[in-house]
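When the chains are written out, they are named A, B and C in that same order, and each has its own residue count from 1.
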Amino acid sequence: MDGLREGVVGAWREMRAARPLVLCITNRVTPQRLADVLLAAGASPVMADNPREVAQMAAIAGGILLNTGLHETQPASLAAAAEAIAALGKPAVLDPVGAGATAYRSDEIAALLGRARFAAIRGNASEIRALAGTGGGARGVDSADESDAARGAAVGLARDRGCVVAVSGERDLVTDGERVVRVGGGHEWLTRITGAGCALGGLTAACAAASDPWSGTLAAHAAFALAAGRAAARATGPGTLSVLLLDELAALEAEDLLGADLAKEAVAGAA
Amino acid sequence: MDGLREGVVGAWREMRAARPLVLCITNRVTPQRLADVLLAAGASPVMADNPREVAQMAAIAGGILLNTGLHETQPASLAAAAEAIAALGKPAVLDPVGAGATAYRSDEIAALLGRARFAAIRGNASEIRALAGTGGGARGVDSADESDAARGAAVGLARDRGCVVAVSGERDLVTDGERVVRVGGGHEWLTRITGAGCALGGLTAACAAASDPWSGTLAAHAAFALAAGRAAARATGPGTLSVLLLDELAALEAEDLLGADLAKEAVAGAA
Amino acid sequence: MDGLREGVVGAWREMRAARPLVLCITNRVTPQRLADVLLAAGASPVMADNPREVAQMAAIAGGILLNTGLHETQPASLAAAAEAIAALGKPAVLDPVGAGATAYRSDEIAALLGRARFAAIRGNASEIRALAGTGGGARGVDSADESDAARGAAVGLARDRGCVVAVSGERDLVTDGERVVRVGGGHEWLTRITGAGCALGGLTAACAAASDPWSGTLAAHAAFALAAGRAAARATGPGTLSVLLLDELAALEAEDLLGADLAKEAVAGAA
């Protein structure tokens, strides 16, 4: 077993053992799917986003997810959570939904990046490019670019922010600025399910909370892709896939991740 | 192939090819189901309803759905979207959820009708009757009347507003004030699924955005009913129906709509 | 047939016949699942929580559910609904989500208990203990205690408030302060589904609205557990369980509840 798979297997095992409480400050569209994925995988979601209790919730949480739905009252929740992340040093994941789509969205996300340090940032190609300043604007919130096009942006963003960056695509890309790993094995139907990316962001927060940002992000992406592939083999479309994905995540054991589709890539300019 | 089915088949094909971005200003109960249906069908939903970015989102959207959940912050979102619809002339669908149920709701919906012109209005019988001024009040948000009882109201509303009106029922009714078409083939279990009507409203916006209001509204209703009928044949109740509906929508090809259950009806007073 | 099962069978039959309109003032995470469960079971949910129409909605509702998600705008909705409950005397159920988790949450829930009398209170063990003043704080919103540990708290709370109290656990506990009944037959996967407890709270409101708090609460818990057990027998994990649960609830007839797993327990100090 190489070191890469060893870390992934260990991170999933630790997440299962710790059952981390993950505070999710998220959008209003997919909170149920996000929570279902976390519960099925073995983590414990709490979605309390009222600024009056965010700090107290953050204090008891093992990990934190910020997903920028940006509905009317969410900016205050996100700001309170970012402040708690900075004060408590909790492992946190940023899912910058729709970055680059509107000026308002870009400004709010930039403000979050200024307020707290994140363990990982997870987005689609156009969102990661927008954060790195190399994007051309998103088409809504689903990806208009492939993860290949965002490779340079992801590596640069990881170096600039000192965090792990993950880009969803046909093959996901995970980098810490020095290493790049591709994660394969998902299914095209995942792009036809609302909140698949949001759920992956939450799973990343759960795994990073229980291990470390690099192994945790890889484990979350490998587990999600493996479970999705198994679900797709039993599904007849995106609807059944979304349901069977939960069953497969619940059944996924650490050893199963030895079969994950992981591939290292060389990185120019790496130390 | 008669002209009716020709239009329906063409509208579905165009929606699939265009993959229209549909801005949904909707309620807080069923946004995930609505987005899942749009994604499965082949459209691209964006649910960003913060008034600070609604205009910019509307500008990049192909179609717009206004669904009047009327939670505390939604009236401002709806007003911003209605303003954008009027300014940009984008094809928009109004789903007047709960029209007639409370005075507050009736007033807000009347205000929306005053602010923008809609390509189509889709509701259940009691909602359409309330909009036409002939209703007796809704019982919550599920239909207390059959679509037959709303036939006159629907035709009158379509003429008054110069738009297509669709009424959900055992057999849906679609009219532009001159023509009336009945769409059959759904399933009783659809009435036991939250947000089935909301999803149909979104699909109407997607199809109308890609073709025209008349063919688009018919295509959305025909596709939804056909997919629901196929899903029901494999389902064991409303839960499995709601999931398999997504699979069937994803699998539905334009040619399949040649088998849609469409029936023209004579209209008194038509030109 | 003993009196206990007779009451349960009758309450389910009455709920099915009445199809009660249940006004749900609930959280932003699981409203769709809650509404799906109510619709599948045969009730009629309305989720309108805007304070501007809560009183009017409450007036036409048969029963009311207050679920304390406590998102930013919900306290005003809850207060308006509590006022309507007190004024109209409608049967209402309180689901004190996260009671004891934060000071803010405890204060808001205590305020609700001061504003209106509830027919039933339903929660997990740590929530019920927090309400009874015997808890040690919740771990997020999923239960950190077993229902056994909350038995004394539940009986005491029922006596103090003059209402039925239900505690979810491996075997649910239902008490009115004089009687205690255990309801078995659910499945461990229910703890891996978001909103299972929320849905049970809604079902309790529906059944209590159609019969009486004691029989209604028992019927809701017995029906939910029976349907979940049947669903689990066909499911492959929590995802399919959540979907098949809806099918089984829709198919559940009153006579099926003769097979419910109900057991009376002796109560110390009962009259």
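Note that in this section a contact is a pair of C-beta atoms (placed from the backbone, for glycine too) under 8 Å apart; a residue touches a chain by one contact, two chains touch by 3 or more.
In this text, all values refer to a predicted model and were calculated from it rather than measured experimentally.
Look at the contact of chain A with chain C and you find different residues on each copy: under half of the numbers used there are shared.
Its C-alpha atoms superposed on chain B, chain A is turned by 120 degrees; the angle is given in steps of 5. The centroid of the Cα atoms in chain A and the matching centroid in chain C are 33 Å apart. Residue numbers of chain B whose C-beta contacts span two or more other chains: 28, 32, 73, 242-243. For chain B in complex with chain C, the residues that touch the partner chain are 27-30, 32-33, 70-73, 98, 101-105, 139-142, 189, 191-195, 235-240, 242-243. Listed in rising order, the residues of chain A touching chain C in the complex are 21, 28, 31-32, 35-36, 39-40, 44-53, 56-57, 60, 73, 76-77, 242-248, 250-251.
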